[in-house]
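So that you can tell them apart, the chains are marked A, B, C and D in the order they are listed, and the count of residues begins at 1 in each.
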Amino acid sequence: MSFSALDSDLVGPLLVAEGMRDVFSDRTRIAAMLRAETALARAEAAHGLVSPDLPLALAAMDPASLDVAAIGRATALAGVPTIPFVKAVQKRLDPALERDFHKGATTQDILDTALVLQVRAAFELLEADLEPTVAGLLRLAEAHRATPCVGRTYGQHAAPITFGFKAAGWALGIAEAGAALRDARARVCVASLGGPVGTLAALGPQGPAVADAFAHDLELAPAPMAWHALRGRIAETGAALGVLVGALAKLATDTAHLASTEVGEASEPYVPGRGGSSAMPHKRNPVSATVILAAHAAAKGLCVTLLDAMAAAHERSAGLWHAEWHALPALFGLASGALAEARRLAEGLEVNPERMRANLEATRGLLFADAASGQLARALGRERAHAIVERAAGRVRVTGTPLREVLAADPDVAGALEPAALDAAFDIAPAAEAAALWTDRGIAAVRALYPTL
Amino acid sequence: MSFSALDSDLVGPLLVAEGMRDVFSDRTRIAAMLRAETALARAEAAHGLVSPDLPLALAAMDPASLDVAAIGRATALAGVPTIPFVKAVQKRLDPALERDFHKGATTQDILDTALVLQVRAAFELLEADLEPTVAGLLRLAEAHRATPCVGRTYGQHAAPITFGFKAAGWALGIAEAGAALRDARARVCVASLGGPVGTLAALGPQGPAVADAFAHDLELAPAPMAWHALRGRIAETGAALGVLVGALAKLATDTAHLASTEVGEASEPYVPGRGGSSAMPHKRNPVSATVILAAHAAAKGLCVTLLDAMAAAHERSAGLWHAEWHALPALFGLASGALAEARRLAEGLEVNPERMRANLEATRGLLFADAASGQLARALGRERAHAIVERAAGRVRVTGTPLREVLAADPDVAGALEPAALDAAFDIAPAAEAAALWTDRGIAAVRALYPTL
Amino acid sequence: MSFSALDSDLVGPLLVAEGMRDVFSDRTRIAAMLRAETALARAEAAHGLVSPDLPLALAAMDPASLDVAAIGRATALAGVPTIPFVKAVQKRLDPALERDFHKGATTQDILDTALVLQVRAAFELLEADLEPTVAGLLRLAEAHRATPCVGRTYGQHAAPITFGFKAAGWALGIAEAGAALRDARARVCVASLGGPVGTLAALGPQGPAVADAFAHDLELAPAPMAWHALRGRIAETGAALGVLVGALAKLATDTAHLASTEVGEASEPYVPGRGGSSAMPHKRNPVSATVILAAHAAAKGLCVTLLDAMAAAHERSAGLWHAEWHALPALFGLASGALAEARRLAEGLEVNPERMRANLEATRGLLFADAASGQLARALGRERAHAIVERAAGRVRVTGTPLREVLAADPDVAGALEPAALDAAFDIAPAAEAAALWTDRGIAAVRALYPTL
Amino acid sequence: MSFSALDSDLVGPLLVAEGMRDVFSDRTRIAAMLRAETALARAEAAHGLVSPDLPLALAAMDPASLDVAAIGRATALAGVPTIPFVKAVQKRLDPALERDFHKGATTQDILDTALVLQVRAAFELLEADLEPTVAGLLRLAEAHRATPCVGRTYGQHAAPITFGFKAAGWALGIAEAGAALRDARARVCVASLGGPVGTLAALGPQGPAVADAFAHDLELAPAPMAWHALRGRIAETGAALGVLVGALAKLATDTAHLASTEVGEASEPYVPGRGGSSAMPHKRNPVSATVILAAHAAAKGLCVTLLDAMAAAHERSAGLWHAEWHALPALFGLASGALAEARRLAEGLEVNPERMRANLEATRGLLFADAASGQLARALGRERAHAIVERAAGRVRVTGTPLREVLAADPDVAGALEPAALDAAFDIAPAAEAAALWTDRGIAAVRALYPTL
C-alpha cells in the first residue's frame, strides 16, 4: 500500500487522479525547485547581483539528471532536502558560477516556492474536472427539473420534490466550494523569498525588488512579507479543499443511497467490471461514492494538521512547517480522486424515473400529509390540523389504508374541508412546480458562479 | 466546569469574551427564533398569505416570557426544539392567528435563520476586537521598525531582524485571517426558508418572493436554494474561525517565548493579580498566550465536525445537522476569547529593547555567520565559504572566542577578505535596514486590507 | 444554545444524560476541589505537617457556600480558578488554620484531582448505561438468532444473514469498547499531588508518603510521578470515549437505515410525541440515531485536542493543559447522551420480521448468487462460475425473471448442476444457520467481556 | 514529495524508519495477501473442503511474480484490489485447483488479514525501538537524578528540580504509551475470515472451525465474529499510536526548548552535517525534535479518520473501510520516524549541567520564592506570606537585588523568621533531594512496565 494509499501502485490508481500523481511526484518537486532557483538567478542577474550566465546555466540543466534517491539519503542526515539539493546543483555548475548560486535565499524559500508551483498546477487539474462536474449536474437539473421524486429527511419520506431540484442542490454546493477554492488559489499562489530570517538581508536594499522580479518570473504573486512562519494561506487552502471534498461527499452520500437496493432511483454509470465483488457475482457496488466518501473521511483530519501548523514559532518553526508536508499534497490527492469520481457521477448517473414514481406511492399518501395539514389548517388552525393528520398517519401505518381515504372518513376533516380541497392536497403537481421553480433559481445561482456554463 | 469550559461560570470568564456569551445564550437563541417567525409572518402577510395581525402579535411578544427550560424538557422528547417552541408561541396567540403561524416553514428554517442572526452578531463582536488588535500590532511595528532583535529559526538564533518586522508579520497574518473572515461572513449570512423539503411548496408560486421578503426583513441575503443540507458555508465559516485562531496562536507562541525567563524580550501587559501562582509568589505567567493557545488546540477539532456535517443526506440529515450545534457556537466562543487576549497583547505588550540587544550579543557573533559567509562567498564561492564559516562557528562554541576574531585569525579568510569587508559582515545596520524595509511593506499590505487603520 | 449544545437548557436535555450534567457542573467541580483540599489536609495532618483541626474544618465546610460566580470573575483576572478558590476558602478558615491550607500543593494538583473525581463519577454513569445496553442487544441477538434478513454491503443487498447476527455484532463492538473504557478508567483515576514543579519539595522527604495518603483518602491510585505535564492517560481516556461513541455510531447508522421508509425492518421504540416534525404530521424521525450520530461527528475532533495537549512543555504548559478543559468533559457529555439513546434502542427497538422477509425476496434471488456460484464452482471452477452468475444477474435486473429460473435456463448451468444442487443454492436455511452459529459465538464473546450478563 | 511525505524518496528517509517502509510496501502487501490465501487453503484442505494440493501450490508461488502495477490498474476499474489479485493468482494455478481458490472468502477478508500481518510486523519494529528509547531515558534519569536544574511552568522559571526527574518523566510517559500499545496489539492482531456478509455461509457448519484454523496458521487470534464492519480495534490501534507520538512529542518539545540558544541545557547528539542550514553556516537545528513534532501534528488528524470509520454501515460500508487505507499505515509510518528520532535523543542527548547551574542563578533567587513563602507561612499564614514574597519578587525584577537580600531587608520578614530559616529556603539541596526521590519512584514505575530494563 505504501504509507498513503494515494501513493500505492496497488490502490492508488483507484483513489487519485492520474495527473495529480505527476504534480506531486518527487521528480516534479525537484524540477520545481530548480525552476525556483532559475527564477532567483534571473532576478538577481537582472539586478546585477549575480553573473548573467548563472540563470542560463540553470535553465539548461536537466532536473532529471539530479539523483533524487541520493539527495533523499542526504536529507535524512541534513534534516531538510534543500541542502543536499543545493550541493548537487552546485557540483554541476561552473565554479565561477557556483558562488552565486542560491544567493540570499534559504531552504524554505526554495521548498515553498516549489510547493506553490505544484499547488498551482494542482489547482488547474482540479478546475479542469470541476467545470464538467458542475456542468453535468446542471444538465441533470435541467433534464429533471420536473421529474417528481421523494424528498427525504432523517432517512424518512417527507414530501415530494423533483430530481432536478436535488441535482441543482448538488451543483450549487459544489459550485460554491469551487468558487471558494478559486479565492484560496488567488491568495496562496505567492512566491517565497525571504532568506534566513525573512528580511533578504544579503540582498540589501535591492531585496524587495529582487523578490518581486523572482515572483514575476514565476508568474506568482509577490509576497508582502516572507511567509516562512505565516501559514494562514496554506491552512486556508487546505480548508477549501476539505470543503470541496465535503460538497462532493454530499453528492456521494445521496447517490449511494439512491443506488441502494431498496431505493433504486439512480445508479452509478455502468462500466463492465466495475463495482463487482470477489465473492458475489451479482454485486454492482457504488465505487465512485466509495472513493469520495473515503476521501471525505481522510481529508478532515489533514485540515487539522494545517491549522496546527499555523502556530509556527518566530521566523521558522521546528516541526510545524514540516507537518504541512504530511498533509497538503495528500489533500490535493484526495480532492482529485474524489472529484474525478464525482465527474463520472455528474456525467453518467443513470436516473430511474419509474422507480421514483413507485417510491412516491410507497407510503400511501403520507408524503402529502404536510399539504393536507396545510389545507386543514385554514379551517381548523395549525395545531389541530397537525394533530388530526398525525393521528390519521398512524392509522395509515397500521391499516395500510391510503391517507386520502383515512382523512375523507374522518368526521373532523369532512366537516372542515370540501372534497376538492382534500383532493388538491394530494395533487403532486404543485409540489413539483415549486421544486422546479427553485431548481431554476439554483441553476441561475450556479451560472452566476460559473458564467461559462 | 459545565461540559464546555466556555459555558462555565468558574473558568468561562477567563476563556471567552463576555459579549459572546450573550450572543449564544439560550435567551438570545429563543429571541432570534421569535424574530425569524416575525419576519416570516411579515413576509407572508405582505403577500396576503396570513393575517396582517400575525406579525404585529409576534413583534409584540416578549421572548423572555417563553419558558426556555420547559421548551428544553419538551425538546428531549420531541427531538428538535422548534416543535415545543412553536407550540409555546401558538398558546400565546389569538386562535384566529394561531393557524397562520409558522406557515410553510420547517423546524430547520427557524433554527438556522436564528443561528445566522446570532452568527452575524458574533461576527460584529469579533470585528470590534479585530480592528484594534491589528491597529495595536501596527503601532508596535511602526514603533520598533528599526529596533534590532534576534531572528530565530528552529528555536535557534539565526540572524538579526527588528522587532517591528516581527510585529508586522503578526499584523499581516491576523489581518489576512480577518479579511478571509469577512468573506465568510458575506457568504454565510443567508436566511433559511425552505419548508419541509426545501421547496416551500405550501406557499406555491409565491414561495421565492416570500423567501426573499423574509430575508430582506432580517437584512440577510436571500438563499438561492434551501440550505438545509448544503452546509458548505457553515463549514467554511468554521474553517475561517480556525484560521483566525491559528493566526492568533502564532502571536501567542511568539510572545510566550519572548516572555520566557531566559529570553525576556517582551512580556504581557502587567495587571496586578494576573498570572500569579497559587504556590509560587514570584510567578508572572503569560495568561493571554495561555488562553489563545488553549483555544487553538480546541478549535481545530471543531472544524473537523463542521466538515463532517457537509455529507448530509438528502433534504435533511439525521445527526449531521445537529452535530453543528456542538461545534459552531463553540468556535465563535473560542475565537472571541482568543481575540480578546490578542487585543490585550497588541495594545499592551511590554517590549524590552535592552534585553533584545543583550540577546543579540549572546552568541558572540554567530548571528552574523550568514553575512560573513556571504562576504566570503564572493571570493571563495558559496560552498567553500559555507564550510569555512561552519568550522569557525564550531570553534566559537567550544572556545567562546567571538566569531569575528576566529575568522580574522583564519588564514583562508585573511587571504580572501579585506578586514573592512569582514567588519561589514558584523555590522547590524544593514540587517536592521532590510528588516525595516520589509516592515514598511508589511504595514502597507495590512493597511490595504484594513484601509481605516 | 450556550457555546456547547450540551450545556444548553434548550437542546441539552436532548443531547446529554441528565446525571452527567450534575457530574460536570461548576457546583460539583467546586465541591470536588474542596474534597481534594480536605484529603490533602488529612494526609498532611496524619504526617504531622498541619494541624489536625484543618481537615475537620474543611470537611465541615459547605461547598455550596462558596460563590462560584465571584470565583469565576476573579479567575478571569488570575488566569486559573485555584487562586481565587484558595483565597475564598482561606477567608472562611480560622486564621490559625489558614496558614496550613493548600500546603505544598499547586493549582493543577487541586484542579486535576477534582477532575479525576468527576471522571470517576462519569465512568460510573456510563457503566450504569453500558451494561443494560449490551444486555438489551444480547436479548435481541438471542431472540432473532435465526430470523433471516438481508445482509448489505456497499448499500447493496449481498446475501442472507439473521437479525440476531447483526445485533450480536452491535453488542460485540460496544462491549469491546466498554472493556477498553474500563482499562482506561483504571489507568486514569490517579490522584495529582506534585506541588509547583511536581517534586512536592515543600513536604521534603515526606512528600511521597503524603501523596500516597492523599490518593488513598480519595480512593484513587497514587501517581508514580506528578502528571502535570504527562497527559497520556487523559488522551487515552478521550480516545476510549471516542471509540465508544464510534461503536454506538455503528448501531445508529444501521438502525437509522433499517428504519428508513424503503427498508422498514426496524424502528426506534415508539414514544408519543417523539420524532415528529413541526411541518410534517406523519413523520417518525429516528431521534436516538440522530443524537448518537451527532455525538460521533463531534467526539472525534475533541479527541484531537487531547492528543494535542500531550506535547506539554516542561513542568506545566501554557495552554495545552487548559485545552483539555475544552474537550474532556464534553467527551463524557457526548458519550452519555449517545449511550442513553443507544440503551433506548437496545431495550426497545421494534423489529419487523415480515418486512425482513419481504426484503429478502426483493431482488428475485440475487441474494443467493454467491451460493449459486459456489455450487457451480465445484463443477466449473470459480472463475467461470462467477462469470456465469454475473451474466445471469444482469439478466435478472433487465428482465425481472428470478435468478433461479435464469440459471435453470442456462445451458452451461444445466450441463454442470443437478436441479437439486441448484435448489440447494436458493435455500435460505444454510445461510441462516451459519449466521446463527456466529451469533452464538458473538454472544459468548460478549459474555466473556461482561460475565454478569 | 509524493502525496505522503513518508512515501517520498526525497524527504521520506528523514521522516520514517527504513524498515517500516518495507512493512507497508505494495510488495509486502501482495505477499501478505498471498500468505492469507495460503492459510485459507491450508485450513480448508485440513477440513476436506479443498484439494490438499492448493495450499502447496500457493505456498510455492512467488509473490514477486505478481505484477503489482497491472493489478493496480485493474483495481482502478474494479474498485477493490482483491478481485484483480484473485484473478492474477488464479491464472497461475492449475485449472483443477483454481476452482477451490479463495473459497468462501471475500475481498475484505484477504485485505484485512494481510493488513493485520503487516500491522504485527509494524508493532515489532516499534517495540524494537521502544525498549532502547525507554532504556536510554532511564540511563539519563539515573545519571542525573541529583543534577539540579530549573523547573519551568508556563515558560517561566518556577522552582528547582533535577534533570533526572525530567528524564524519568519522559521515560514514564513513553513507557505507559508503549504498554497501552502492547494492549492494542494484543487486541488488533485478529484474523479476518467472514465471507461476503460475515457468516462464512459457503463453508456451512465448518465455518467457525476453518476460521480458527486459518487464524492459527497465521499465528493470529481468531475473530469471535467477522469484523468487516466492527472497526473499534483498528481505531483503538490508531489512537494508541497517536498517544505514543504524543508522548514522544512531550520529549521533543522539552528538548527543543532545552536546546534553544538562550537555554542551552541540552542539545541533540552531534552528527556532522546534521541540522545545518543552506543559508546559515553556524546553525545546529534540532532535527530529531523537528521530525517528532511534525509527526505529532500529522498523527492527530489520522486518528480522526479511524474513529470516523467506525460508523460503518451494515455488513460492509461504502467508503469508511477504504478511509482506513488513508490513515493506518501512515500512522505507523509517523510513529516509526518519531520513535527512531526519540531513540537518538534518548541514547545521545548531550546534557550541559554547567548551563543548568547558570540558569538556576539567572533569576537571583526567585526560584526559591515558593520555599521562602513556605517558611514565612509558618509564622504569618499562607496568604500574608504569599503577598510578602510576591511584593519582594517585584522588587527583585525592578532592582536586580537578589531575593534573599530583599527579604532579609523586609521588616515583616525579619520579625517573623530567623536568618537561618531564611537561609534554609534558599538551599537547593532539599529541592534536589525531593526531585531525586520522585525520580527513583518514576524509574521504578517504568521498570514495572518494562521489567527487562
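Just so it is clear, contacts are C-beta pairs under 8 Å (C-beta built on N, C-alpha and C of every residue); 3 or more make two chains touch, one makes a residue touch a chain.
Predicted model only: the values in this text are computed from it and were never measured.
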With respect to inter-chain C-beta contacts, which pair, A-C or B-C, contains the greater number?
B-C
If you average the CA atoms of chain B and of chain C, how far apart do the two points sit, in angstrom?
31
Per the C-alpha centroid definition, the whole-Å distance linking chain A and chain B comes out as 24
So chain A residues touching two or more other chains come to 102, 152-155, 158-159, 195-196, 252, 256-257, 275-277, 279-280, 285-286, 290, 293, 296, 300-301, 303-304, 308, 318, 370, 385
Once you draw an edge for every pair of touching chains, what topology comes out, line, ring, star, complete or other?
complete
Residue positions on chain C within touch of chain D in the complex are 87, 90, 95, 98-104, 151-155, 158-161, 165-166, 168-169, 172-173, 176-177, 180, 183, 187, 195-205, 207-208, 224-226, 228-233, 235-236, 239-240, 242-243, 245-247, 249-250, 252-254, 257, 293, 296, 299-301, 303-304, 307-308, 310-318, 370-371, 374, 377-378, 380-383, 385, 430-431, 433-435, 437-438, 441-442, 444-445
So in the complex, the part of chain D that touches chain A is made up of which residues?
1-16, 21, 24-26, 29-30, 68-69, 71-73, 75-83, 86, 102, 105-107, 110, 195-196, 252, 256, 271, 273-280, 285-287, 289-298, 300-305, 308-309, 318-323, 325-327, 329-330, 332-334
Which positions of chain B touch chain D when the two form their complex?
150, 152-159, 256-257, 259-263, 275-277, 279-286, 290, 301, 304, 308, 359, 362-363, 366, 369-370, 373, 385-390, 392-393, 396, 403
